[in-house]
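Note that subunit A is present in both complexes that follow, paired respectively with subunit B and with subunit C.
This part shows the complex of A and B:
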């Protein structure tokens, strides 16, 4: 790698770390505003003065806020994610067994989104006519359907009426996991399929009407080749950057499907922890979501830069 | 008394819980429907299902209340602990009391209670249940942090209070007769834990890391926080091994998710299923929907000694403005009944003095709807009606948000305005678990809640709301003080014979019922959904205090 490639990458890394640092400050500070965590820690047992004193000492609640923050950040950097207020177990023990299933759910969803979103967008753009209209109608409905409504419809139709898919839990073993995650993944993907389909169609149509494509056509290059080399490649940065943001966002909204289908993943843990004011868990998962968002977007930027080197350079007229 | 906040936060109230009355064991069989009360949709109440007769490898049970915070008795209330930790006595499904780990546990004189331990009972690890374990377990209740502290307040302080008096015998001595103690130790207060295990576990006792060692029909196998709790049959259980080899408890606080999983047969059974889905449960082909008797109720009460909520006339007016039948249809889908005061009849129906209780209850004025009279009461109250009434409810409880909406429209009808203060589950729960922290209740007037008592007896509720704070009235937030009520309730607690205690209670009830310290909107039935292949569970509120899965098995 030459210096020209390394420097933007280093800059990106620096920006990434800065974003994470700022996010950690905001997350920590925001959760301090939710009030005294004693009730969450005592878990419904009447807090006697001695008990409160013990807890305050144990969790260093009387330290100045900046010291609490530094202790927390220091712990995270050294791999100590803290102890759950509610479960009294290390946060890492709560998160570790749940990451896998959430990642699997998100990947499954991404595959559905990419295949059906980009696929239907290209199909609509290239075929036009009735196909385009059909995709337009379907995606109009798709973007208007909230995830939880799709979940309810799917559970009713495929779970209860037809009995084709399970409606609760994540199952055991990879194949069973995939079987159990089918309906959750579909319910998460519908909105994004519709959205990405629209974006793809727009980008492809724009490229199809562009000068260089016309030129290529005039030169007699086969249409399949034109599409691959010129249309799709040129449309892909836009499609990719949207996909990147979508994937990162999926980790956050996976909670909706996890709760609806009773899947013990990160999203449902976050929801539960927030309701119970289990701050150490909420803080760590929130920070993880920010980190994922930042990292996924950075990776997408790098990929886009590789496809289209111009995009990485400073632009004057973007 | 337990206040049920949301499914996610079941709150055990850590003080002054006292439970009364009928002091003789009852031999009522299970599986018999108890009297169905009048309601717009008649419901047959069943307190337990016929015992299972065939072995079952595994049952998956859904916990609508969410994940327990602690499995050791005395912390929070859940449906797992009763199957793990057997008590000295046992609450029967119809709310009687029968022997448990104690062969007998009786007052031999008004202040001396003798417990004879059943010989040969062992913990899951095979070690025998000894007198020292029983003393250790009862002493745990005497800790102020225990939910059962209130049950022990009349015991002689110090080591003389709970002492070993024989090879298999423990004697409890009291400073005054206590009509509530025997019923209390039929629930979690009488649960026997291994002393050796408990002392070794220390603060971790009952947590997912520490576990418990008890003598109940199921052994704790594993608890993966946030995932599930796995229990397996205790093959050496003194009452005979259960038919079910393994019960896996899943935490499903979302009512819709639970309903879907039950109807699809992916979860075999659950208690406290959402009343809104009654129709789907009743027409389901995968399982049976059972409605059982309960002490649970939906109510609201004052949060401060000043303001609108503290004025009895305002509470009476709101009570008159809410149509109970409509409430029961809307919020409970017909799965409840109107109640004349906040202590449910099921609390005393199995008492030896039931007739006295019934006569007292029947003499109370049943709730009615009368908007004109309600408006008049608001006028008489002398309160500034331009000030909004602030009602606290927990986030995430469908039933309580509906309750608040109904209260809001009732308030509007009688010239008041109401604002709803929806709080996070943990913040809502803290109001009850930290009852002396007034700052949590500042800027509020009324709080809507559901609560229940899990052992027989009538005193648990009234004591909390009616007595002075120093006598156990930890939720007496409006500073209610009626010398006659206080005296009669104390008499009810310290009168050894059931009839005398009942008479004193009924006297108190006649005075406090009209004051509406809790405005009871409905008594809620205990609901169970169970797979068609299974039978044998307790289907009354006694499931909170007894090994409800002991007789669970295949049909």
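This part shows the complex of A and C:
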């Protein structure tokens, strides 16, 4: 590690923290616009003026906005995520038991996306002909299907007609969890499998036709080795950057599958909290999503820079 | 002529029918080519782009594009390639044939180290142990004259210059000790001096290794200088095969004769008496510094142009010559306002152009005086515009109130000026040849009626015969319109045909300048002599010199890497002839 490698990394870290800070400001400010939280806190009961006074004091609602923000940010940095308006319990107690199932769902989905998306892309690029056309048709349908439509189709086919998979809840224990999460993971992955397949195919086809691959062919390198060392390696930065953005975004859209399949994860908590104006919960989960997105993308950038050091360098102007 | 190692026997190559017209059937591109190469012999295959020379050699290497079909036979050491089983064929090609390509940068995997590239075939095909392969790779790199091979093994292609990469290609090809070397335009992308180095490496290797060489090039003079025999191709056919030593006397085919005359050094253009008119362009002590990141991540200054000065008379023509990295293109870009100078002045017709023009009006005013033509006519034209649209747009910029009729008339006039058929006006760049595209680019530059035309390597991407046509055209345009030419080129032959003054640059500095006949016929600086010596010609023997540039560009010019020590090129001591002292 010399200065040339460390410097961009430090820059990256700084950018990451700045992004998170700006995101926290935007999230906090945006949710202030949703109006007075008193109704959410009292849960629809018509409060007496004295009660309102008490609540405003308890939640520091009369402080200036910037002070409220600083108190909130300070809490988050020190591990105090605040208290839910609706459940009146610490936010951390709401999130902790639900986060595991969401992480499992997202990981399951990522595995499906990577295996089938990259796999079918490579297959289409290398086989060509009928295989390529079949993958093209399948992915065209795939990118056009909204996640909730896929969920409904899956519930009808595998749940009702065939009865192969459970369509509600998350189950108990890891194996049962996975069994329950199969249909949700499929419904989340279809769109991204199709998308990643297209990207992979394009990147691989471009490399297959490149001149340095011709060189390897002339030199008699076995074609499997050419593919591994020259085609896939060179196509991987593009595939990785798309995969990274996808994975990071999955935490946000996992809510669709969680709601459709009745899974008590982070996604369904977020939708519920948003509907009930439970600001402290919404704020924390939103910030977590942004943090995940930024961190996953930063990790992908570092991996890409390891494969292709030039990608990290600033463009030369000469 | 015993021991045929490579034989093309009535070889024809057909391209698949175009997708748009599947009924048309395959189109034959190479017709009935017969060529025999004996052991240890060196045969040149010469022709312009599109003549089928590259396709012919790619068919030997098994690199024809998908759908291409061949008839006739290709025999390597007596084996008919079409008869061999697939695995045999791959083994034969991997061990008996080596191929080196035109663009080493594109033909090396940018993400893998030189060491990986060098050892890959040894390990995968010859089943060598990795450490043994590594040792051999280092030896080979040293053999082709790469300094510090151990360090190079750890670097990636982006860190090496084009000349070094081409040597890496050659070294890697030699790793398998192939008796046959196919070289496809291997020096076309290189400077003349680097070309000489690479050709010297090839000549050495042939001496020590008994290599059989099939050398593809568009440069007949180069082929004649390094080959035993030369086959000339045109429109997919071999028009004649000549003995290299006597080709000038023996050539009978009119096309060969045209190629021969194109590769002869041109007549030095007659010197015009420089009248007392004020120069249209004066450049004084120009300096341009780029800030670059050193390999260690530190910011460093790279002096691209250092104390450069010259003048251009109205209607005159000045050539700036140098290798890549000499600062010649940067100089042109500063003059045209594409880069800002760090010091010095650029005076055009007495106006100060040192700072880039601000605002549309000022830029239009300058565009009316100076126009630029770029190297690559494939990229500098908008592929969606027809020729007429492109030229009308250029005319309309300077004559915003011109009517449609006036525009059409002016475009026709421009097309005639660059000798383009008026029927081509409706075409888009895709259906034009390289020479035609460059004519369009020149016509576009002339649309403004400029007083200075800056040509940045404007003919380097073209075939030799097309080069001569374009250069003749430029010379005629200068005589007829009185536009002054500022020609940037790495090729002294090009400059010789058109320019009356020349400036030789190296590492950002002016090495020598003066009237072209004086500088080229009696060079004072060693570097100019080196440049002149490296032009292939009859009886030319490429020589190996100590490499002067070993780092990738932009290299930081140091005193040690200059041929002339910095002290001796202080501004006062630059030989400036044709000036009263």
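Following the convention adopted for this analysis, the second predicted complex is superposed on the first by the 315 of 318 C-alpha atoms of A that agree within 3 Å, B and C clash if a C-alpha of one lies under 4 Å from a C-alpha of the other, contacts with A are read in each partner's own complex, and residues count from 1 in each chain.
What we mean here is this: a residue touches a chain if its C-beta (ideal position, glycine included) is under 8 Å from a C-beta of that chain, and two chains touch if they have at least 3 such contacts.
Just so it is clear, the model here is predicted, and its values are computed rather than measured.
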Give one word, clash or fit, describing how subunit B and subunit C relate on subunit A after superposing. fit
I want to verify the contact counts: of subunit B and subunit C, which reaches more residues of subunit A? B
In degrees, rounded to a multiple of 10, the angle subunit B-subunit A-subunit C between CA centres equals 150
Between subunit B and subunit C, whom does A:276 touch in the aligned arrangement: first, second, both, or neither? first
Just subunit B (first), just subunit C (second), both, or neither: which does A:225 touch? second
Could you tell me if A:234 is touching subunit B, subunit C, both of them or neither one (first, second, both, neither)? second
Which of subunit B and subunit C A:121 touches, first, second, both or neither: neither
Is A:211 contacted by the first partner subunit B, the second partner subunit C, both or neither? second
Of all C-alpha distances between subunit B and subunit C after superposition, which is the least, in Å? 49
Hey, what residues of subunit A end up touching subunit B and subunit C alike? none
So in the complex, the part of subunit C that touches subunit A is made up of which residues? 61-63, 90-91, 93-95, 97, 99, 101, 103, 106-112, 116, 120-121, 124-125, 156, 158, 169, 172-173, 176, 290, 292-293, 295-298, 302, 304, 330, 554
Interface with subunit B, subunit A side, in the complex: residues 35, 38-40, 42-48, 51, 84, 86-89, 93-94, 97-98, 152, 155, 159-160, 163, 166-169, 259-262, 264, 269, 272, 274-277
Which residues of subunit B touch subunit A in their complex? 6, 8-15, 66-67, 69-70, 75-76, 144-145, 147, 204, 207-209, 224-227, 250, 252-254, 256-258, 260-261, 263-264, 266-267, 395-396, 424-427, 429-430, 433-435
Can you check the complex and tell me which residues of subunit A touch subunit C? 2-5, 7, 210-212, 214-222, 225, 229-230, 233-234, 307-310, 313-314, 316-318
